[in-house]
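Before anything else, here's the structure in question.
So that you can tell them apart, the chains are marked A, B, C and D in the order they are listed, and the count of residues begins at 1 in each.
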């Protein structure tokens, strides 16, 4: 088993340490609220919580610029929020409202924000990988310097799509960052019971690709590893497989009775909580006073209340529009049309610059 | 790139050296005849010739007993004949006759002989691998000591089925011998243009599986490598990936204008002809007199003439039977029925003992 | 007779099959420790062990193919594909191996595999998780396709499928799992050749299957209040279709609507309609109607999902229109 | 007007598309150096280079998915899947991504991908290589499905597909590639909304598409000798069906047969028949007939393959029976 990269940066030396903490906390509290709203029947369908894994999304998004692209899974609230999709848009989506980031058509598993180059939650395990490869191919063919980051779980590694996509990306030296969020379970099946080779990053060698494992509970370690990987990719050395070793604290979905794992195991991992530990480090280093923490909690809570209020207040898509958005409305010849995702950001309020910029949630 | 295993046995020391030569020659001449019969319209559809690769099938089949199982591809005349399917049955199949080994329903790409545990040519690239895994699973669950040998090309390695099947076999420690016949081309696409990692056997590591490369032009090397692998498998160490490095002398199929490779490259590989070189070794060692060779050619030619005659003389399946063999005819409860493949050998003349026995073509 | 949920009925059949025949094993994603995505196999791994209640990696193509191989090798695999949505990843194995190897080998193999999968929409799971591809499977020679709509059939048809020498696909509509029904656990395996008339009425034939049976029966009650008495035909077997039962009903009622959760174009309902065209044309007093899903990827929001699927009200409307015509 | 084979017509369209729009590229197994399994792209890699005529590994799911991603990323990929048989391996990407992402994202993406694939039987390639799954693709909302049957359409419909903002599947029947026809290379992109009436006659509508058009036209000639004049409707567009053109023909002839190489049960012909049931019931003088493939994996042997597929004689027989009825 390959050694995990851990961070050797001290928490305090990070220029936006508090912003990192804030993002992780926002995701955590957002999801806790979502779970609550699910039990009272405001949110329906499948709801897969990312709680415990926040350091991966938050660490990775620090490195990705607005120009870069994200492809994610059904467990994507964390990626969406860390990418800067307004929590209100995510919450409204889960309420099924027309002000949701996918107009209520997608729900929790299908958050989209093309303006932010967030190409969706995909609910078919492994289904996003080929699409990420294609986005990267388009970038390469058009001489754009973007990196496409593709998040997926350890379970997705079992699918043929993983194999085919990694081969294709490596063969064509495409700028894809494959981020495997190894939370040790594919639904209820432990890693050692679904993969013969449990050292996931090592599979990169089967494609002559670089791979590395990182402590996915350590936001700074993730950020550093993603930074190295993205530098490599931008330098033209082709795709990279990063395995973030992490853990899901909650059930797989709201239906899961968790018969397959020990409470003790969960407790053990909870002691590695990415938020608590990072906060503790900051505190120890004198970078987080009790008042700061209170302020964080308060402002996060306020943001979530606003999101819920916006979702509550949002309109329902009229039922007469049922058949909308199956086909693109005719606008004369599509040949001259701007490539999708490169037009003006039309989905949301913020416009997206084509110049690299940090994730909008980071307020250094 | 891993080193290829070569043979250090002298040709003559092999107890059935002449039988090996005979089998390879039989396959070669059989296919030359098939190509001829294709051009005169006796054989139709796709015809994929194995010429150049004979050492792989013949070497491997020496080790596999009648109890073992074979799964193959659309390029399977060599495997079929080396396994002991009568050439007449294969030829009749390609003529589309009812005395064909698949009653004329399958043609060149779908040779079957369940009595000989030959589970078919499969024309979907990669399509046979999962089936081989399942046969091995059945063997394991029923406590049978069989090995399932699954042949496929370098192109098949690109398919998701390769990845999924190797993981499954390794995870469950199933007795499968995966034989990749790496002839350097997937149709017209050279290996380095379809795989990022061209050292195919190295991919075994991604599944914590053993892998090895062997000189696929050397029948003794193949036999020895398969023997080691099969011993490992029978000893319970799980599946094995054997990469046989070989070359296809003829076009991919009868439609292929071969625009993608140099004549010079083909000529270079022809100098490594598995038949000529093995014959030369035997001759050098004094084990093959000119008369022996003549006898071989004559008897092989006779066998092929017989096969063609049987195919010519064979009956056509009546057109009224078109819908036959879509479903199994009702025979009362299937629950009590004998598992398929374990009933009496019904397809052909020879009955199959359940005790290990050498490939029927080897007459030591 | 016992009252049990559809889910319990499936489990009861699984348990019986596993007890009676050691060649039977269950394989699929999370069927073991997790207990099955729909809890159909909860408790079975404890009783039968992980060799026979076999968790698989997320490799639909490989484990379905492995089921095919195991069936050829003498086992009686029951493979759970979790949902029809994911079965697309295994479709090549199902079509090109399971359905085809027997014919292509000139009858040398039989492949007694059972593939169970949940199907259908209605739980706000959005487009990728709400498919109904029963019609696709019913198109393929070599397959037998079942759609049990009651607890009794969930049990009885699974047991009957185990007697089939060839591949059987069983569609379990996800909305049915918690539904309760009477089950006779002593009953012999169900008849898997015939459709069933679930309600008799002389004015109209409502033809349906699987998850739509409940809605259709409720619609029939509504129609009865309006003075229209409906036959409700539960197809049960989607391949081969029991056209005789359909024809018998339509020859009596002379009017028919087919209720099918598949998208309208190319639905199974189209096939039933075409068969009525061919075999009951001169019996029909009005054109056969279809009540199907709208031609849209099923949306997440409840009101939109509801609008996309056949509903009691749309069935009632179709029934009324049919009976208004040509009177 | 130039005479060219269907294959050359495809190539002519590819070349024009590649010359006119640098976002266009062709990708698939062996499209480059090999020249395409059906030689449609022969010579193109020399003209446009390996970046734009892109050979792929045998990874149908990944390269189709990559085409989807590239389309989202602003390219105009033309993906050759070689044959519909192998497209099953990419079906998840086609159904769950290509056809679905637009709707599921609330209209944020368009996916202008073209998927070309050969289809059909007739070359003794046996069961795994002789499929006709046009009906399956025509079932899926979000897709447009084309079946050019002539050289002119092979060229014109491909060019027209490039103007579509959403995914288009083009089925090229493998038997058509060597067939010659007149092509106007100056013609604008073809209309891809309408069916075409390829022959006009007042007694009977023969409705068909793709590889069956030739047989159907020949059957119409035979029928004419017997005094039965047929309309021959070439559907051209399989989704959305141009029902208006079909209805116009049937309103004139009052009798129809649908010729479709798919297996009968669940065929595209079933959908056409169901639509005629719904929209032309009162116009029909006889039940609509289907001439489809037998319900059997297509066998290798020529006489069996012929017997499994629609043939001129079977079409003629169906036409005669239709016109004998109810006269």
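The rule we apply is simple: a contact is a pair of C-beta atoms (placed from the backbone, for glycine too) under 8 Å apart; a residue touches a chain by one contact, two chains touch by 3 or more.
Just so you know, these numbers come straight off a predicted model, no measurement behind them.
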| item | value |
| --- | --- |
| Contact-richer chain pair [B-D vs A-D] | A-D |
| Chain located farthest away, centre of subunit C as origin (C-alpha) | B |
| Inter-chain centre distance, subunit B versus subunit D - centres from mean C-alpha coordinates, in Å | 37 |
| Distance from subunit C to subunit B - Cα centre to Cα centre, in angstrom | 40 |
| Centre-of-Cα separation between subunit D and subunit C, whole angstrom | 30 |
| Interface hub residues of subunit C, defined as touching at least two other chains | 56-57, 59, 61-62, 85, 89, 92, 96, 103-104, 126-128, 141-142, 295-297, 299 |
| Subunit A: positions in contact with at least two other chains | 102, 104-106, 110, 122, 124, 127, 158-161, 164, 167, 171, 193-195, 326 |
| Residue numbers on subunit D that touch subunit C, as the complex places them | 61, 85, 88-89, 91-92, 95-96, 99-100, 103-104, 126-128, 131, 135-136, 138-142, 239-241, 262-263, 265-271, 273-274, 276-279, 281-282, 284, 286-290, 295-297, 299 |
| Sites on subunit B touched by subunit A in the complex | 158-164, 166-167, 170-171, 193-197, 202-203, 205-209 |
| Subunit C partner contacts - residues on subunit A that touch it in the complex | 44-46, 96-97, 102, 104-107, 109-110, 122-127, 155-156, 158-160, 186-189, 193-195, 256-257, 259-260, 316-317, 319, 322-323, 326 |
| Subunit B - residues contacting subunit C, complex | 69, 100-106, 110, 112-114, 119-120, 122, 124, 127, 129-139, 141-142, 160-161, 164-165, 167-168, 171, 324-328, 331, 333-335, 337-342, 346-347 |
| For the subunit D and subunit A complex, residues of the former touching the latter | 21, 23, 25, 51, 56-57, 59, 61-77, 92-93, 96-97, 101-112, 141-142, 144, 162-166 |
